[in-house]
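Per-chain numbering from 1; labels A, B, C and D assigned in written order.
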């Protein structure tokens, strides 16, 4: 069947569903019958519904907080999440382990057993598929907040089925954002198709009166991603999701480090997602934004890491974003302890609450950057649609093939990997090498100028060395990777 | 002798000096002969001169960092300062103990002895007068950074003599800012007169080619001080200092919590200090600004305290201030350990360095707030000058008598204490009760409107309860002390 | 109306908490005699004698509390008000110290109640009511 | 030019460090065979045999390193390259753990050098030079 941006018919969906549920033994749980799952979802109180709580954040104009967290054993995971809830989280996650993300449920099973035997976590997350609907429900019922699966799974169909049936009211990811940064050899048309299923599942629940939230993963590789590239991907995934009937979408963005560019990116993301949804005929979708605290390499020093966390929270609040994903002071070392995670939540929440409703909205620079991002996004999406001869899904596949869309530092072989970003002299993320990126000539000229300005300021040639220096710089305490004297 | 804003003659100065130096036995040290002290100061390298390093910060447009710190025993104090230097401080302080601040050198001596005997600090700072020039020189020579005395002393004449002769190239304070918030019954004309001496001493060194820095204490009581009141006091103290020959002045400001108002306050402070100095005929004074991290009651939780520190650092950097004074995660409990102090320095510096040269300069709101503060400052200073029939020093005394100048929460009986501040609905610090403050009617109307807007929003009367709630709020995690449901 | 003497002891000028305490105790129905900041031991005792107060509530914020409060109970006995109730609170010692030890030191000086940093006056209202008998 | 095989083991997709390592080692004059992310034990060994490499430099960032690296030396021996030099670095276990213990576990798996989190590739250049004999 050829990939098209078109809503799966109920017949297609139900046909595919049989196969999906047979992917692992937990798929045969009768709790996965829609009669059962719908009944379960209907009795979930409003304050535990991810989508409804996000609408609340939007109406109240406040920034809510969500950590990342996941451990292999259910009871331990419950302890962890309860701890984070008490620390002040507004939304809870379940970060899924890397074997599950690759659908390697057998290895995940081994990881669970080994972790139980040794009494320490050998998996880097919560293997939701292996734990099945029952395990996932136990988690949901033990906490008071909405739950979301956060992962990085190209084929998350079974994961989505199990977690939604267990009352987890949001799923993160998308056919691009959970493939290109998270896989090496999964073809893009395949992951897009898989994610149509995930979205159709949410659309199905929506048709039955249950609103679930979907969140494209904004930060992509988390490493010097120019705002227009990540925004374009987020908008495209929002459009693909809406086509399948999703009505509550959060688009995300990973902090870049220049405050004005970051705020501009969030504003542009909100504006353009709404505008494109309208334009594609989806008039009743609620759009919110998600701001990720610094997603690149973190400083090892815990005081510095905490400073970066609080600084990120300041920018997030000023941007008016609706949800912020937190990091921890252990970021550069390993999966954080629950205590470290809790401290970061407390610190982040302190800032968002203290600065509540202080927004930065005006300033010429901000408007300039926002319009620049919007122009670039328009250019990218135009090239994508052209490549797909009007079909968005087809266009995405073609655009990645040709490098019209290209995500820096991504591991996937379906990503051209010719785009190299670097910071300009003010620390804004610009593009040094475009590869074949879908930018019009005037946009390219702007980037060239900006990068040249910086290189001249540092008395050096424009080269890949700028990119390399910028990858390291924040963890070393500088935004811009200037050449050092020694 | 009547107080006048007029440079002390050399004869008057030298006459008074004899008496000053006889205040405590360490005043008779021959190192206090100007021949000796000048020779010592002349060999101090540029990078250890406070005034010159501030000029560097100004030229490079960066925010440098200074902690607070002081313990009673010289060797311990050296250990402490070396530790803070290694943590990344750009300037070093010596916070002076409270007995010395009250010229109670006998009790300070007891405190030193007791601290030595018990092996723990019983004084809350470094008793520089008791340690004398020799002790203070030992401190300076053990570190690589400029040193400043930070205290709160109405009569700091002997302290200034001793510390400057020991090569400490800056002195914090002023006749208003180190009296009204720090004393109960020292008449204002007396402290102003004492500080003319401190300034004249710096002016004398200046005449001999040695530039020292003077820093009026900006935050005053640190508690809901409206920017225009603290800015007006800073500007007045700058004018008084310049009259005595001071050429390098840093005016300070304590963060209020509304980011736009804070940035506006720093911009207004820089602008108006320069403008007024010009107007008073002082054309060769270098003005820099100092931003104090949140000066009111701190949250007890260390993660939240660190968040407040990093958030303050973000605002300071965006404001373009030249120096930031840091707090610690122990703030709400007691004098910090050197480790806690070091962590805060690292965190603060991480932010100022990462965000280096990212300024917020435009935006209509910012310009509006800056102009509002400037209007209010102009009004206050006009009333002061009128009260003094043209003489600024006389004017200050009269203005405080009449409440034309009035500092909220100050302990001094020479302060009318009729001004009550409160936050408006955006968290800006405004005035709820003016007492007799030197504001024109249109300014008062603006404040009334803003406070009313907030009270209405909270469905309550405009009353002192707003002020009380706002005093507590930040330590509880809110900027505005809204009525709580419980 | 029962009388309570409040003030900030020693060379301490922290005035904000003192003003809040006055406001809170007055609202709670006590006759508050506020001798303000920079008050000596003697100032507290004299005020208590003059107003026949049953409770002296000492604030110390700046860290010298331990030096300033020494001999408090003895001086009260000397002045003939040996059984007056003595409270102390604020940030009563220098730095972050183990509070059980700190408390012990102040109890030995004759204080009846000793509060750790961060105890707001509201939290002590219950104790005051209990100790003054209501 | 000496050959070094680099790659990221297991289900790990952290690609950034891998690209930086390739860039750095190439600049340092080595022939770098980069098998990229999501590489199995066998991928590393096959690449080493094909290119006659003297050093395999394994990156593991995502926390499953301990599971993924088990049997590394044994598989090398089986494949007839038993004395190849094995390095591992990145964030090789889950969470913040005492590194001396972690190191011990990986040394026992047959690694020659085991690096703690935050060791950039530059810091290991000296070891590489020493081990490859220069």
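To be clear about the criterion, a residue touches a chain if its C-beta (ideal position, glycine included) is under 8 Å from a C-beta of that chain, and two chains touch if they have at least 3 such contacts.
The structure displayed is predicted, hence computed values, not measured ones.
Participant: Which chains, if any, touch chain A and chain B both?
Facilitator: Correct list: empty, since no chain touches both.
Participant: How far is the middle of chain A from the middle of chain D, if each middle is the mean of its Cα atoms, in Å?
Facilitator: 30
Participant: From the mean C-alpha coordinate of chain C to that of chain D, what's the distance rounded to whole Å?
Facilitator: 66
Participant: Cα centroid separation between chain A and chain C, in whole Å?
Facilitator: 55
Participant: If every chain is a node and every touching pair an edge, decide which shape results: line, ring, star, complete or other.
Facilitator: Its topology is that of a line.
Participant: Between which chains is there touch?
Facilitator: Applying the touch rule to all chain pairs gives A-B, A-D, B-C.
Participant: Please output the residues of chain A touching chain B within their complex, sorted ascending.
Facilitator: My answer: residues 257-260, 299, 301, 303-304, 306-311, 313-315, 318, 343-344, 346-351, 353-358, 360-365, 426-427, 474, 477-479.
Participant: Enumerate the contact residues on chain D facing chain A in the complex.
Facilitator: Within the complex, chain D contacts chain A at residues 10-13, 15-16, 19-20, 23, 36-38, 62-64, 66-67, 91, 93-97, 117-118, 120.
Participant: Under the touch definition given earlier, write down the residues of chain B that touch chain C in their complex.
Facilitator: Where chain B meets chain C, its residues are 98-99, 101-102, 104, 107, 110-111, 114, 120-124, 152, 181-185, 221, 223, 297, 300, 330, 332-337, 340, 409-411, 464, 468, 471-472.
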